[in-house]
């Protein structure tokens, strides 16, 4: 690196990048599963759909609508006792994973739902006609038909998670966003702030590029 | 014969469009389809054919009335029983309803996977079907890369993949050229005779009905207006709607315009003869012609056969003396329905 | 007594986990010097000003070093905790600053003044404004007056409450006439020093004792043999230099007797 | 006559599916379509008909070769010129391609809005079209609430709404029953005669070709294998592919199976006669029968007419002495092509 | 209200609710327009699409991918000079609108894109065939066909904006999230914190309900 950044600065950015990647990947992994399942059920329980069930639909909606309005920062803090019981610690990058996972799950659920409602009813009817079970229809047909858009949505949430990790600094999660904030903004070291933002942009560019690339193969 | 499918007083009402009345798609429809039978369903566009077919597969529930397959009311089936039933029914959708995200191969393989076939068996069966429906080289194409008829053939292959014991075919050849249609018809007929498959065939192509079906019902505005043996309905449709649908195919109805044109083109007396078995068993026409010293020309019309029986109509121009012609017509009337014009 | 994190049999470094609120070069220096003193220090930085204390209570860290006694007293009181100061570190120079005015008297009627929004520092800002003669606070309100305790506000000053770390951004805001903030919170590029303050808190006054920042731990852990080593580390020349560099001389290093810190805390906790 | 549409050596290649070769959908196709002509395009499924049609509308670009409308190469058109051209072309899509988010009314009204019609004029025209295609009460339905044929009728109404001067119809009656098909054909024919509209009609229904088209081309695997007047191609298809497509419609080709069946059912000598104008102008058959003392029965076949000219085939069973029958056949050969079996 | 909350507390919550609604509605209004336009162009410039243009597509992607990774809190602060020039102040609810609008715009762009790629190519082809102009095709056909999913996506972003306003509190934006944080959490006043979260949940429930209700009419 140039004179602009000391070795320790570069180290710090490296560590923060690692923390960000760790928090984002782990929470994204779990949130994709939970969120897609939630989204699929939100969709499937709609009236007229394969698992139409008003009670369950309203219930799921309620859960999602109750978790989403809690400002992430408050969710993060409110969950510390839970994280502590679960992980033995409520601080550091690992501690941010539970709240990140919850926030991303409900996010994915909602975005996925918007992709699923666009699936051709004919494709669902054909799946019913071949005697597929509801869950198979949901995951193997509805999800499959919407795969292209779903991958774009997951990419969207992945990037949103990178943003959210900046807030995860509140619980000592560290990460690039937090470093940019404390170093750049609170310490007015704009050079490091810019460096971090460039790293973030590079990261997001790659993620989005990858997402677009994968999605392209599934967009019909 | 055992009954496989029975509809009893089936009524289906759809909610209407914004502000419009509810749509009565089917009204008190009762039908009985025997095991091993190929049952035709014809009717004008919007008559309720697709709705009826989808109800047999339990994809749509009747507003009232019952639908029974093998004696069991569909309304009483548990979900797993319904799925089991559906796996024994192959359905060709009018709009194909392919899975756009899957390749041709996968579209056809899905029902086989569901039926628990082994990987090798699936491979072999799919290859066979792709070959049969003429989609060589398209196995890994996605539906959007196919022509209309190619999509329809994928839909057919998918429906018959597991060798279901019932096939519901909704306009299964509507996007196919005559040759491909013939191939498909032969396939379905072979499946019917070899495996005793029961089929319900919705189509607007009378040719398909004539070549494939045993019996048929004619739907009009959600109601069954006529039911009978194919030959009977094709040769002597009773209800005006049936006559309208069948007539242009069998060329039994000559429009006023056609007649005018023909009258202008030909000098003789125009008559139309409804073809019957007895007319063809012996050379009635040429004998009568000789006998009454009348000449004739077949100016239009056609004779087809279904189940070995002929049906159709011939329009003749008769040349001869007035009373000879009258005698000829009178003689002909002993063997067939004749109208003069 | 059980050593924090357990001392290595071979008598090597004592691991020490400290909670703070912002990463800095200053921390690197503490880690470096601590090693010489026999400590293996790790910092975890929270942006939330509440979690370093809960993490301490829950035993997830051994100490924290981010808060002043006033803040600590509020925390202890509200949560029934017993976080106890170990030694003092610094006190920030807080003051009233304005881009538009040279004196507090010229702050006009109806002016907006930006202040921190957390209770301890909001109260602190009220005192500074009182010193500046801008408003008066009910003397009976104690160390933690709230907005309702303002008894006189002749100029109808509007207090704009901002997050602690955002108050300095209002300095250049045209809609704000002045800000109450720690001098070292400013962007160094602005070149603002304590000399620019319209009114500066007297760091050495007894009334400023609550604002001394401390290193603290749980009450049951004050006897840990690591603390003298840690205090030594903080007092080390290199650490002091690093701190002054980072704070640009706008924080005063204070060595306030620990007993007095604790009694101040006890008093404040009665408030 | 002026030429409206010309394709010169048009080749279209699609990228193949994963791992497969590129698809050559069209190969060196040259066609010329006159103003006011109804041009039929037939061919087996996958032959390239839809691709060709979509290229005339500029929706797909040729890989090589040129497509010109009114003498202008489409490749050279500016975007606004291309749009103007498209507004003068109505297209009925094989898969309907309706706008699912819009009502039937809106689907039909869109091209009118684009053409700048006034609100009242649009209202009147849409009402007229809905009435014509028989979708009363469906004006505010969404496409998903329609039957297959109803969707297709919306597609037709949309295509002809602005009274375009060119209509490209891709299997426009494939989902319609015979009666509705006749109505649509009459409408299109009327538009053609009244307004001189040029039409290109892709269909697999020979009936539609016979009743509607003036000339036609037959596509096979991306190549034009035959082009000619409808009557000529229907009555005497030259290329084997044409014969295959046309044959089953005109009943000109009797399969070996059919013949076997007929031979069993009838005692006499079987012959097939290709129908020609000269055969019908005078009562050739009955005169020859009388003359040679031969009796006959029309056992199958059909005679239709297109543009007033007859085409088709009759299969006769001949009864009589060997040499009489031979003499009859020889006499018949003077008027028509005859094959014995 | 009960004894639990003083009149001033209730007042404060009322003011904060108003601030939240103000920030969210104004920024949502602008972001919907900007975001949908961006999303439509992101879609239309894809290869094979009606305005296929690699340069513009890559450019738009770059803009979106550059704005999205900036942690919202940093964006908020980085924009203060701009807001200050624009509004005469960079603090208060109004000042939060610019950063909220930017963040929501790029968010909407991405989610909308995932809805648009699902539009039936046949519908687009039919629009081309009737001679519609590219922009008309984009807004009048592509957008129209995807309206149901798009409304769900907009609802999603609306709720995400409510979350973001909590962070906007850092620059004096006020709002419910900030109040919950500073008043409730930092003053250990859990009663008010819960009250605020209940208000937030009620708000989000209504918004989502409304979104679902409108979308239902456009889901095919």
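The chains carry the letters A, B, C, D and E, assigned in the order they are written, with residues numbered from 1 in each.
In this section, contacts are C-beta pairs under 8 Å (C-beta built on N, C-alpha and C of every residue); 3 or more make two chains touch, one makes a residue touch a chain.
What you are looking at is a predicted structure, and each value in this text was computed from that prediction instead of being measured.
Colleague: What chains, if any, are shared contacts of chain A and chain C?
Modeller: Both chain A and chain C are touched by E, going by the contact rule given at the top.
Colleague: Based on which chains touch which, give the shortest step count from chain C to chain D.
Modeller: So the least number of steps between the two chains is 2.
Colleague: Through how few touching steps can chain B be joined to chain E?
Modeller: Shortest path length, in steps: 2.
Colleague: What is the chain whose Cα centroid lies farthest from the Cα centroid of chain B?
Modeller: Most distant chain from chain B: C.
Colleague: Taking each chain's centre as the mean of its C-alpha atoms, give the chain farthest from chain D.
Modeller: Using the mean of the C-alpha atoms as each chain's centre, the farthest one from chain D is C.
Colleague: Between chain D and chain E, what is the gap in Å from one C-alpha centre to the other?
Modeller: Going by mean C-alpha positions, chain D sits 53 Å from chain E.
Colleague: Where the CA atoms of chain C average out and where those of chain E average out, how many Å apart are those spots?
Modeller: Result: the chain centres lie 37 Å from each other.
Colleague: Indicate the whole-number Å distance between the mean C-alpha point of chain B and the mean C-alpha point of chain C.
Modeller: The mean C-alpha positions of chain B and chain C differ by 88 Å.
Colleague: Suppose each chain is reduced to the average of its Cα coordinates; what separation in Å results between chain A and chain E?
Modeller: 17
Colleague: Could you list which residues of chain E touch at least two other chains?
Modeller: 77, 121, 148, 185, 220
Colleague: Multi-chain contacts only, two chains or more: what residues does chain C have there?
Modeller: 50, 165
Colleague: By residue number and range, which residues of chain D touch two or more other chains?
Modeller: 95, 142, 144
Colleague: Among all the chains shown, which pairs meet the touch rule set out at the top?
Modeller: Touching chain pairs, listed by label, come out as A-B, A-C, A-E, B-D, C-E, D-E.
Colleague: Where on chain C is chain A touching in the complex?
Modeller: 19, 22-25, 28, 44-48, 50-51, 54-55, 58, 60-61, 165, 187-189, 246
Colleague: Per the contact definition, I'd like the list of chain E residues that touch chain C in the complex.
Modeller: 8, 77, 80, 84, 88-92, 169-172, 182, 185-188
Colleague: Please name which positions on chain C make contact with chain E in the complex.
Modeller: Chain C reaches chain E through residues 49-50, 78-79, 114, 117-119, 148, 160-163, 165-166, 169-170, 172-176.
Colleague: Chain A touches which residues of chain E in the complex?
Modeller: 61-62, 64-66, 68-74, 77, 107, 110-111, 113-115, 117-119, 121, 146, 148-150, 152-153, 155-156, 159-160, 162-163, 166-167, 177, 180-181, 185, 193, 197, 200-201, 203-205, 208, 212, 215, 219-220
Colleague: Quick check on the complex: what are the chain D residues that touch chain B?
Modeller: Chain D residues touching chain B: 14, 16-21, 23, 42-46, 49-51, 94-95, 103, 134, 137-142, 145-150, 152-153, 170-171, 174-182, 204-207, 244-245, 247-249, 251, 261, 265-266, 268, 279-287, 289-290, 294-305, 308, 310, 312, 314, 317, 319.
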